[in-house]
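Just below is one structure, and these are the notes that go with it.
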Amino acid sequence: MDSQLLLRPAVIGLMIFIVFNALIIASAILVYAERKVMGFMQQRYGPYLVGPHGMMQPFADILKLLFKEELRPKGADKWLFTLAPVLAIVTAFAAFATVPFGAETTLFGLLDQPIKLGVADVNVGVLVVFAVTSMGVYGIVLAGWSSNSKYALFGGLRASAQMISYELSYATSIAAVILLAGSMSVREVVDAQAGYWFGFVPKWYLFLQPIGFLIYAIAGVAETNRAPFDFPEAEQELVAGFNTEYSSVRFALFPQAEYINMVTMSAVATDLYLGGWHFPGVPEYLGWLAFLAKVGFILFVYIWMRWTVPRYRYDQLMKFGWKYLLPASVINLLVTAALVLYFNA
Amino acid sequence: MTSPLIALIPLLPLAGFVVNSTMGKRLPKSVSGGLASLVMLASFAIAALTVWQLAGLAPDERLITQTLYRWMSSGEFTLDVTLLVDPLSAVMLLVVTGIGSLIHIYSTAYMHDEVDSEFARYFSYLNLFAAFMLVLVLGSSLPVLFVGWEGVGLCSYLLIGFWFKKKSAADAGKKAFIVNRIGDYAFLLGMFALFAMFGTLEMRGIASAVAARPVETGFGVLSLATLLLFIGATGKSAQIPLYVWLPDAMEGPTPVSALIHAATMVTAGVYMIGRNAVLFSHTPETMQIVAVVGAATALMAGSIGLVQNDIKRVLAYSTVSQLGLMFLAMGVGAFGAGIFHLYTHAFFKACLFLGSGAVIHALHGEQDIRNMGGLKKYLPVTYWTFVIGSLALAGFPFLAGFFSKDELLFETFAEGHQILWAVGALASLLTAIYMGRLVFLTFHGERRHDAPAAADAHGGHGHGHGAHGGHPHDAPPAMALVLIVLAIGSVGAGYVGIPAALGGHNALGAWLAPSFAPPVAAGRAVAGEAAAEAGGEAEAHDEEHIALERTLMSVSSAIAIGGILVAAFVWLQRREIAANMARSFAPLHRLLLNKYYVDELYEATIVQPVQAVSRDGLWRGVDVGVIDGAVNGVGAIVNASAGVLRRLQTGSVRAYAGSLFIGVVLMLGYYLWR
Amino acid sequence: MIPLSHYLIVSALLFAIGTAGVFLRKNVITILLSIEIMLNAVNLSFVAFGRYAGTVDGQIITFFVMTVAAAEAAVGLALIIALFRTRESLNPDAFTSLKW
Amino acid sequence: MPESVLFYVLSGVMVAASGLVIGQRNPMYSVLLLIVSFAALAGLYIVLDAPFVAMAQMIIYAGAIMVLFLFVVMLLNAPQEDAAGWDRVHPLRRPGVARIGILLAVVLVAELGWALSKVVALDSPVGARADGAVVGSVRELGRVLFSEYSFAFEATSVLILVAMVGAVVLARREGDA
C-alpha cells in the first residue's frame, strides 16, 4: 500500500532526526546536570540565575562559546586542528547509530509492519559501536598533536595510550555478554534479557555478569576520559590537556562529544547488561521510557563518580589497566565461555 | 619357571655403583664401603634363594628365566634381554656373589688408607664389576653375555689402573684392555658366524639347533665359530696366546686381583664354554685345540711361576696355569670337572691372593718374596690360611683342590688323552713346587727383609696401624675373618663333588649335567645321553673305572706331596741348591725369568709394526694430509667466497627490499611466461 | 554485480603502491605503513576470492594476516623507537653500521 | 545499481588515499590517510558481505594498530623525512634505486594485470552463494576458525605473545627494570 511505502522511510528519517537532537539535548542537559549535581554535592546551589533553577545555563554557555573568537595557535597544523573536533563529534554521533532504544512498535497502528526503535540494526551491531568509539580517540589525539603545544601533546599521548589499553578489557567484557546472548546484534542481546527467573528476578545480564559489568563500567569510564580517568584533560597537570589551545565552537564540540559518548556508553550498558527497555511492570510500548530511566541513572553515577573519586596517577592507570583489569576480564570471559559450553551441551 | 627376583641380582650391585659413583665423594668410608658390601650380600642372599628354588625343581626342569624387555628387533631377528638360571649359572652365581661379598668386606679394611673419594671410586668400580659379571653369568643369549663380557673387561681395566698415577699401573690397564679387545673381536666374529648359521643368538636355541645336527667331523664352519669363541675365551681367561695381560694385571689392588683376576672374571671363558657345552662338544677339532692350548698354558705358566719373585705374580701365573687345567678339562669334554675346578679354585685362589694381600698390607707394599721370610710368627692368621690355601691349590689330599683336580685329570685320562694327562700332572707338580717355594720363602726361615719395611711400620704408627712397633702386624679383623672363611671354603668346598672312587657320587657333576645337555626341547633321549656323556659318572660306574680313578688319585696326591717335599727340601734345608740349579741351567732360568720372552716377541712382531703404521701412515699421511687438508680447505674456500659475497651487504634496507622484489618480479614473470 | 577481476585489479594497484612506497620513502615509519598497505591489498584479494568461491576461508586468512600485521607493527615500532634512541634518525640508510 | 557505485567510490577512495600515503613527507598525514584507506577497505568488505571482517578491520587496524603508529609518531615527534643522511658511497644507495623501485612497481602491476588476463572466468561476478547462505555469518566464521584452522589459530596466538614480549624488551631503555 503506497502510503506505507512513503511512510516507512519518513518514519526512519524522523527517527534519525529524533536521535540526533536527543543526543544534542542530552549533552545540554548533562552540562546542566553536572553542575547542579556538583553544586548539590558541594553543598551549594550551582547555576540558578539563568532561567528557572538556572535551566537555561547550558544554552547561555553555548551562546557564549559561539560568539567567542576562533583562535588557532601559530604553527598548529591547519587541517588537523580543524579536523580533530569534527572527527570527535562525528564519531560520537555515529556510535549511537546501532544502539536500539525501544522494542518494535507500529506507532499505535500507524504502520502495518512494526518498526524497530533504533536507527540501524546490524547483525554485528555491538562491533559497530565498538569500532566507531575506537575511532573516537583520533579526535582527541589529533587535537593534541595538531595544536603544537606540549600540554596538548601530552594530553593526546595519554589519550591514545589510555584508550588502547582499556579497549581490550572493554571488548573482552562485551565478548562475555555476546557469548551469553549468542548474537552480536544489540537488539537480540536485549531481547535475550526479556523475562524473569523464578518469576520476579529480571533476566538481566547484570546478574549473570556482575564482574563483567564492573569491568565494562570501569573501562567505559576510561574510554570516555571521565574522572577518575580523565587524563587527557587533567586540568591540574596539563592546563586543559588536549583541548588547551581550542576556543569557541571548536572547543565546544569536545565536551559535547564527551557527553554524547557518555550517553552512548550508558545506552550500551543498558542494552547489554540492564535489559534495555525491559523493566518489570512496564509495558512494551513504554519500554523506551524505562530505557531512558536506566540511562539517566547511569549518567548520574558518572557524574557522581567524578565529584567523589580522586584522579589516579598515570602509571597507576596503566598498571591497573594491564595488570588487573585485563586479566580479570580475560578470566571472566573464560569462565563464562566454560559455563556456556557446559549448560548448552 | 620364571621368577621376578633374578633381575635384582645384578641390579643391586648396579644400584650400589650408581650411588657410590654419584655421591660417593661426599660419603664417609664406612657408608660407601658398607653400602657396597651390603648390596653384594643382598644379591648373594637373593642368588641363594633362587638357587634354592632351582634345587626344588626336578632335574630336567631346573631352569628359571626372567625376560626383562625386547632389546632389539630388526627384520625376523628379535632379541630379548632374558636372564636365565640353570644349574651351571647357579654355581657361578654363588661363586660370584659369595666370593664377591667376601672380597668387598675384605676391601673395606684393605683400602682403608685411601681418601674418601678414591675409596668410593674403588667400591663403585667393584660393584659395577659385580653387576656386569652377574649379567655375564645370567645372560641367556650371546649378546647379553657379551654385554657382561665387555663390562667386566672395562671394570678390570678401571681397577687394574686404579692407581693410575702410577705409570706401570696405567700401562697394565691398557695392556689388559687391548689384549682383551683382540679376544672380543674374535668372539664377535664367532657370534656372527653362529647367527649366520642358526639365525638365533639364544644359547639354548643354538644348543637345540646343534643337537639336531651330527657331530662335525673335520674342521668346518661350526668348528671355526667355536674356535673364534674360544679365542675370545683365551683373551678373557688368559690362555696362550693372550695370557700376557694377566701377570701385569697384578698392578691393581690385591683384592681386585683376588676377585677379578683369580676368582671370577678370568673364569668367564671357562664358563662360556661350559654354557655352550653342546655346541663345543659337536666340534671335536676345536675341543682338541682347547685341550692342547689349556695344557700348554698350564705347563708354561707353571714353569714361569717357578722362578718369579713377586708374590702376586707367582699367584698370577698359578692362576693362569690353573685356568689352563680348566680349559684342558673343557677340551676333553669334562665340563663338569672343569666347572668343579673353577669353583674350588675360586675359593683357594681368592684365599691365597687375599693372604698375599694381607702380607703386602703388613709390609706396607713390599711384594718381593726375597725380602720376606719369617713372617710366620708375626702373621699367624695369614700364615695358616695361606698354607691351607696353598695345600688346596697344590692338590693336597682331601682339600678342595684335590678333588677337583683329580676329577679333572682323571676325566682327561679316561677320555683317552694320556699325553695331556701327563702334561696336566706335570703342571700340578710344578704347582705344588712353586706354591711350596712361595710359602717357605715368605713365611719360614728368618726374616730377610730390612729397614724400609720396619721404618714404614714406624711411620705407620703415625697413621694408626702397625699395632706392634717394628714388626708387621697381622691382618685387621675384617680381613682376618674373610681369610678364615675362605680357608674353610678351601678345605670344604671340594666335598660337594666327592668322586665315586671315594664312595661319593659326584653330586656337583650330577647337578651340572643338565646344563651341558641339549635343552629338553631337543628330546629327553638326547638329554639323557648327553648327561651321561658330559656329567660323567652321574650313573653307570663299572669297576675298572673306579680302580683307574683310585690309581690316578694316588699318583696325583703323590705328586702334590712330593712337590711340596721337594720345595721344602730345597728352600728350607739347602737353599744353595736352587742357586746352583739356576746357575747350571742358566739359559733355561733366564728364559723362565723373562717369561719365554713372549712380551718381547709381541712387542717386536705386533706392537712396533702397528705403531709404525699408525704414526707414519695414518697420522702423518691420512690425518694430516687428507682430513686436515679437507677441513682447512673448506674453511679457506668459505673465507674467500665470503670476501666476495659480503660486498652485497650494503646495509641499506631498501637495497635488500629491492633485491627481494626483483626476485618476486622475475619469478612471477617466469611463471607467466611458461 | 562487480566481477572478481575488478577486486583483483584494485588489490594489485594497492600492492604496487605499497611496493613503490617501500622504495620511495626514506622514513622507516612510512615504509612500515607501505608494508601495511601491501598486506591489506592481499587481504582484499583473499576476501574477494573467498566470496567468489563461496567459502569463509578467505576471511579467516584475513584474520591471520591482521594478527601477523599487529605483531609486526608492535615489534617494528619497538625497533624503530630503539633505533631512534641511538641514531636520532628515522632514515633507514642511517642504520648501516653493520655493512662491510 | 548502488552496490557497484559503492564499490567504485570506495576503491577509488582507497587507491587515492594509499597513493597519498606514500606521497606524504609527513608521517602524521601518512598515518591518517592510511586510516582513511582502511575505512574504505572496511566498506569494501561490507560490500563483499563480510561485515565481521570489516569491523575487525576497523577495530584492529584502524582502531589499534594505527593508533599505535600515531602514538609512535607523536612520541618521536616525527621529524620531517631527512634527505640528508644519504651517503653516496655505495652504488646501490644512489637515488637511482628509488627509480628502480618505481620501475619494479610498474613491472609488477603489468605482470599482475597479465596474470589477471590469463585467469579464466574472472568476469563472472562475485555474488552470494547459490544456496543463498550468508558466507560472512559470524557463527560460521567462528566454527571454521576454531575447527579447521585451530592449529593456525594457536600458532598465531603464540606469535602474538612472542611479539608482545619482544616489543617490551626492545622498546625498554637499558637500565630500567
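Think of it as A, B, C and D in the order they're written, each chain with its own count starting at 1.
Definition applied: a contact is a pair of C-beta atoms (placed from the backbone, for glycine too) under 8 Å apart; a residue touches a chain by one contact, two chains touch by 3 or more.
Computed from a predicted model, the values in this text were never measured in an experiment.
The busiest chain interface, judged by C-beta pairs in contact, is C-D. Rounded to whole angstrom, the centroid-to-centroid distance between chain B and chain C, based on C-alpha atoms, equals 76 Å. Chain geometry summary: the mean Cα position of chain A and that of chain B are 92 Å apart.
Chain B and chain D have Cα centroids separated by 79 Å. Put simply, the C-alpha centre of chain C and that of chain D have 5 angstrom between them. Each of residues 650-652, 654, 658, 661 in chain B touches at least two other chains. Those residues of chain D in touch with two or more other chains are numbered 52, 56, 64, 68, 75, 90, 93, 97, 100-101, 104, 108, 112. Arrangement of the chains shown, judged by which pairs touch: an irregular graph that fits none of the line, ring, star or complete shapes. Listed in rising order, the residues of chain B touching chain C in the complex are 646-647, 649-654, 657-658, 661. For chain D in complex with chain B, the residues that touch the partner chain are 90, 92-93, 97, 100-101, 104, 107-108, 111-112, 114-115, 118.
The touching residues of chain C, when paired with chain B in their complex, are 19, 22-23, 28, 31, 92-93, 95-100. On the chain D side of its complex with chain A, the touching residues are 28, 32, 35, 51-52, 55-56, 58-59, 62-64, 67-68, 70-71, 74-75, 77, 137-138.
The touching residues of chain D, when paired with chain C in their complex, are 3-4, 7, 11, 14-15, 18-19, 21-22, 24, 27, 30-31, 34, 37-38, 41, 44-45, 47-50, 52-53, 56-57, 60-61, 64-65, 68-69, 72-73, 75-76, 78-79, 81-83, 85-87, 90, 93, 97-98, 100-102, 104-106, 108-109, 112-113, 116, 119, 122-127, 129-130, 135-136, 140-141, 144-145, 149, 152, 156, 159-160, 162-164, 166-171, 173.
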